[in-house]
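Before anything else, here is the set of structures, which you'll find just below.
You will see chain A twice below: alongside chain B first, and alongside chain C after that.
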Partner chain A sequence: MSRAWSDIEAFEEFLDDGGIVEVDDAMPAAYRDAVFNFIEMHANSELMGGLTERDWIPKTPGLRHKMSVLAKTQDEIGHGHLLYMVAADLGIKTRRQMLEDLFAGKSRFHNVFHYQAKTWGDQVAIAFLVDAAALASQQAVFKNCSYGPYRRILKRIISEEGFHMRLGEDRMMRIANGTNAQREMFQESLDRWFWPALQLFGPDSKPNDVLLRWHIKSERNEVLRDKWVQKFVPLLQSYGFTIPAPNLSWDEVTRRWDVGPIDWEPLKRTLAQGGPDSARRIGEARKNWEQTSWVRDALDEQVPA
Partner chain B sequence: MATYEVFLKKDGRDEFRHAGALDAANDDLALVLARESYLRRAEGNRLWLVRRDNLIIAGEDFVEPNTDKPHRHHDGSAVAAHRKATRESKT
Partner chain C sequence: MIALRDLILAFADDEHLIGQQHTEWIGVTPFLEEDLAFSSIGQDELGHAALLYELALELDDLAPSDTAIDSLAYERPSDEYRSSAFTEYTTNDWAETIVRHWVYDQAEMLRWINVTGSSHQPLAEIVDRVTAEEVYHRLHADAILDSLLANADASSRLVDALERLAPLVPTVLASVDGEDDLVKHRVIRQRTDTLLPDLVTNIDIRFGRTITAPTPSVGRRSRSSSFAPLMSRMREVFDIDPAAIW
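Our next item is the complex of A and B:
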C-alpha cells in the first residue's frame, strides 16, 4: 500500500502527527532528497570510518586489542552495507553510483574521517570521543525519525556503536592507568581530536532546517553538542586528562561546562574535501575500489542479474 | 497448490512481521486468502507473501551463535567501576 499526499502541507501535517514514511509512499521529492542525502552521508561515513579502523589492524598493540579492532572494522563496513541498501531503495542513486561519487570526492562524509590517525592514542581518542559523538547523533535520529526504513536499520547500528564506545573507554582507561609516556601520548591525541569530535555535531541548527521540520532529525545540533560537552569534559578529567580548550569554564550557578567559542573553519574545509588527510583517504579508498573490481566483475559473470 | 508465508506491517514504527502461512492455488488467490485470513481486523495495512519454496532456510549449525568470538562483545565492567568510583568520590 502506498500513500500519497495532496500537497506539502498535508504531508507535513502527517509528519507532525508522528507519521512514519515508507519507501513505497509517494513522498514529496524534496523530502526524498533530504532523506537520501542524509543516509548517503551516514553510509559514506561508516565506510570511511571502517577503512580508518582497518588501517590499524596490523599496527594495533596486543592480540586482545587487535581482535577487537577486527570486530569493529567488520561492524563499520557492515553498517555501510545496511545503509547503502536503505539509500539505494529511495531510487535516486544506485549503490555503485554512491560509491563511485564517494571515491571521486563528490560526496560528503563526516569531518573526523578527513584527519589522519597518527598514533594508537589517536585511534583510542576516535573510538571514545568520535564514536560517542556519532552515537549521540544517531540516537537522536532514531528516537523520532519519520523515515521508517532508516529508523529500523539504526536500531541495529546503535547497539553495535554502543559496543565500540565501551571498547574506546576501556582502552582509554588502560592508557590512563599506564606509564607517563602512554598518558602523554593520549593527551596529545586528545589535543588533536577533541575539537574535530565536537565539530562532528555541526554548527548551530538553522531555524528553517528541513531535517528538523520533517522529523528526520529530532534534536538541534547545538543541543546534542552541549550534552556531549557536559558528559565528556568531566569524564576525561576523571581519567586525569586536560581538556584542550583555553577558555574552558565551569559555571557554578548553571552547573555547566562552557568550552568557549568554536572555530568552524576546519569543519568547512573538511566538508569541501580540503581536510588535512582528505586527499589521501579518498585516494586510498578509490585505489581499493579499483583493485577489487575483478571480484565484482567475476561475481557479475557468475550470477547474472 | 503452493504454500505461502504471510508478512504484515502496520503503518508506523513497526517492521514487517511473520504472521503465518496459507495454501493457495496461485498468487492472486493467495492474496485474497491472506486478506481474508489475516487482515480482517486491521492487523496491518501492508502485506507481503513469499512462496515457501522461495525461502532460503539456514541450517541450525549455520546460525549457531559465535561463542568462540568473545572479541565481538564488551561488557564494559571495568569502565563502569571507574565511573562509579568517580561518582562516589564526589559525594
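Our next item is the complex of A and C:
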C-alpha cells in the first residue's frame, strides 16, 4: 500500500513518530536519494571488504581454518548481494549500474577498504578491529532506521557480523598468545589499521545531518567512535599491544581514554579515491569485471524480453 | 595398506587442491551469485578433503586433530602428494575455471561411485554424506553451462578452454600404485583409470566435442610444474614461523 505525504514537514513528523517507510511509499525524492546513497555505500563496502580479504584467503593457514574464512567472505559478499537488491528496488540505479560505477571509481565505499591487507596480521586486524567498527555502525543504524527494507536486512547482517567478530577475536587471541614473530606481525598490523578503523566512523556529525534527522542513522559518529575507543584501547593493551597513538591519555576524572587529535586528511584523500590502495583495488576489480563480461552478456541473452 | 592409503590421499589431495583453486576466484567471478556459489563449493571440497585426510590418519593410527590434518595437507614432501596435474593447474581465465569445475565434479562423481559399498568401511561410510553435497555442485555447473553453451561466443570460449584442459583430464582419473589389489579386495569396484572412458563420454555429451584421445595411465608419483608455486602460496603464512599456531 503506497502512502504519500503532503510536504516534507508531514513526512518528518511521520519519521519522528517512529514511522517506517516502505519501498512503494511516495517518499520525498531527497529522502529516497539519501537512503539509496547510504545503502549503496554499504553494499559497495561489503563487496570491497570481501575483495580486501580475498588477497589472503588462499593463504589461510589450515584446512578447517580456511573453511571458516571462506564462510565469512561468503557472508560479506552475500550481504553485498542483499543490499544491492534493496538499493536497486529504490529505482535509482540497477545492480549492474551500481557495480559498474563502483568499478569505474565513481562510487564510495568505506575508507578501510582502500588500504591493502599486506600481511596475515592485517587480515586478522581487519576481522577484529574493522568488523567491530562496521558492526557498531550497523547496530546503531538498525536500532532506529526509518527505512523498513534496509532495517530488516540489517537484522540478518548484524547477526552474521557478530560471528565474524568472534572469529576475528579468536584468531587475534591465538596470535596474542603466540610466538614473538606472530606478536610482532600483529603489532605492525595494529600500527597500520588502528587509525583507519577509527576513521571508519567519520568526522563528528554535522548539527543538521539529514541522515540523523530522517532517522536513517540514529547515533552521532563521534559517539560511536568513542565507544569503539573505550572498548578497544584497553582490550588491545590487555593483550600487551601498543596503541599507535602518541597522545593517548587516560582521564582519571571522566575515566575515559582519549586518543588525541585525529588527522582527517587521510580519510578525505581516501574517499576521493586517493587512498593507499585505491587505484590497484579498483583497477583489478574493473579488469576482472571487463574480462568476464562475455559471461554476463551471454546470460542476459537468455532472459526473455 | 600402502595402496589404500595412496588411494585415499589421491582423493583427499585432489579435493583439497580443487577447493583451494576455488578460493582464488571468490570476489572476481562474473557475478555475485557465482562468487557465493564458489565460496560454498570451495568450503564443501575442503571439508571433503578434511574427511579423507582423517581416514588416512586413521590408517596411520593417528588422532584426526586439525593439526594432524594440516600436517598431511601442507607439510608432506612434494613426492608424497598424490594429487593430479588437473587440480594442480592454475587456470588462466573464467572459461577454464568453469569448465574445470564441471569436468572435476563429473570425475569426482565417478570416483565416489567407485567406492560406494567399499570393503574399507570408513570410506564407505562417508559416501552418502559427501555425494549429497556433490549433487548441488553438479547442478550448479550444469545450470551455468546450459546457458553459456547456448550462446555462440560463450560456447566457443568454453570449447577452447576444454581443448586447453584436455591433456590434463586423464590425470584426474589416474590410478595409484597397487589398485589391482584394491579391486581384488573390493575396496574399489574398478581401477580408477578405467573410469576415464565414462568421463570422456560425459564430456562428449555435454560439450558436443570428443577430447583428444586420452593417454594411458600416468600414475600419481610425480607433481606437475604448477604444484610448487601453488604449495608455496598455500604455505606462506605457515612458513613465517613453523612454531606458530594460527
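In this text, the second predicted complex is superposed on the first by the 303 of 305 C-alpha atoms of A that agree within 3 Å, B and C clash if a C-alpha of one lies under 4 Å from a C-alpha of the other, contacts with A are read in each partner's own complex, and residues count from 1 in each chain.
One rule holds for everything that comes next: a residue touches a chain if its C-beta (ideal position, glycine included) is under 8 Å from a C-beta of that chain, and two chains touch if they have at least 3 such contacts.
What you are looking at is a predicted structure, and each value in this text was computed from that prediction instead of being measured.
Student: So, on chain A, is it clash or fit between chain B and chain C?
Tutor: Verdict on chain A: chain B and chain C fit.
Student: Given the touch rule stated above, what does A:Asn111 touch, chain B (first), chain C (second), both, or neither?
Tutor: neither
Student: For A:Gln187, decide between first (touching chain B), second (touching chain C), both and neither.
Tutor: Touch status of A:Gln187: no partner.
Student: Identify the partner contact of A:Thr292: answer first if only chain B is touched, second if only chain C is, both if each is, neither if none is.
Tutor: second
Student: Answer with first, second, both or neither: which of chain B and chain C does A:Gly178 touch in the superposed model?
Tutor: A:Gly178: touches chain C, not chain B.
Student: Now for A:Leu70: first (chain B), second (chain C), both, or neither, which partner does it touch?
Tutor: Both partners, chain B and chain C.
Student: Classify the contacts of A:Pro61 with the two partner chains as first (chain B alone), second (chain C alone), both, or neither.
Tutor: second
Student: Which of the two partners, first being chain B and second being chain C, lies in contact with A:Glu22: first, second, both, or neither?
Tutor: A:Glu22 contacts chain B only, not chain C.
Student: Given the touch rule stated above, what does A:Phe163 touch, chain B (first), chain C (second), both, or neither?
Tutor: first
Student: For the overlay built on chain A, what is the smallest gap between any CA atom of chain B and any CA atom of chain C, in Å?
Tutor: 7
Student: Which chain A residues contact chain B in one complex and chain C in the other?
Tutor: 64, 67, 70-71
Student: Residue numbers of chain C touching chain A in their complex, please.
Tutor: Residues 16, 19-20, 23-24, 26-33, 35-36, 39-40, 42-43, 46-47, 49-50, 53, 66, 69-70, 73, 93-94, 147-148, 150-151, 153-154, 157, 233-234, 236-238, 240-241, 243-246.
Student: Under the stated contact criterion, what part of chain A meets chain B in this complex?
Tutor: Listed in rising order, the residues are 1, 3, 18-20, 22, 64, 67-68, 70-71, 148, 151-152, 163, 166-167, 169-170, 173, 235, 238-239.
Student: In the complex, go through chain B and note every residue touching chain A.
Tutor: Touching chain A from chain B are residues 11-13, 15, 45-46, 69, 71-76, 78-79, 82-83, 86.
Student: What does chain A use to touch chain C in their complex?
Tutor: 47, 50-51, 54, 57-67, 70-71, 73-74, 77-78, 80-81, 84, 120, 171, 174-175, 178-179, 181-182, 185, 284-285, 288, 291-299, 301-302
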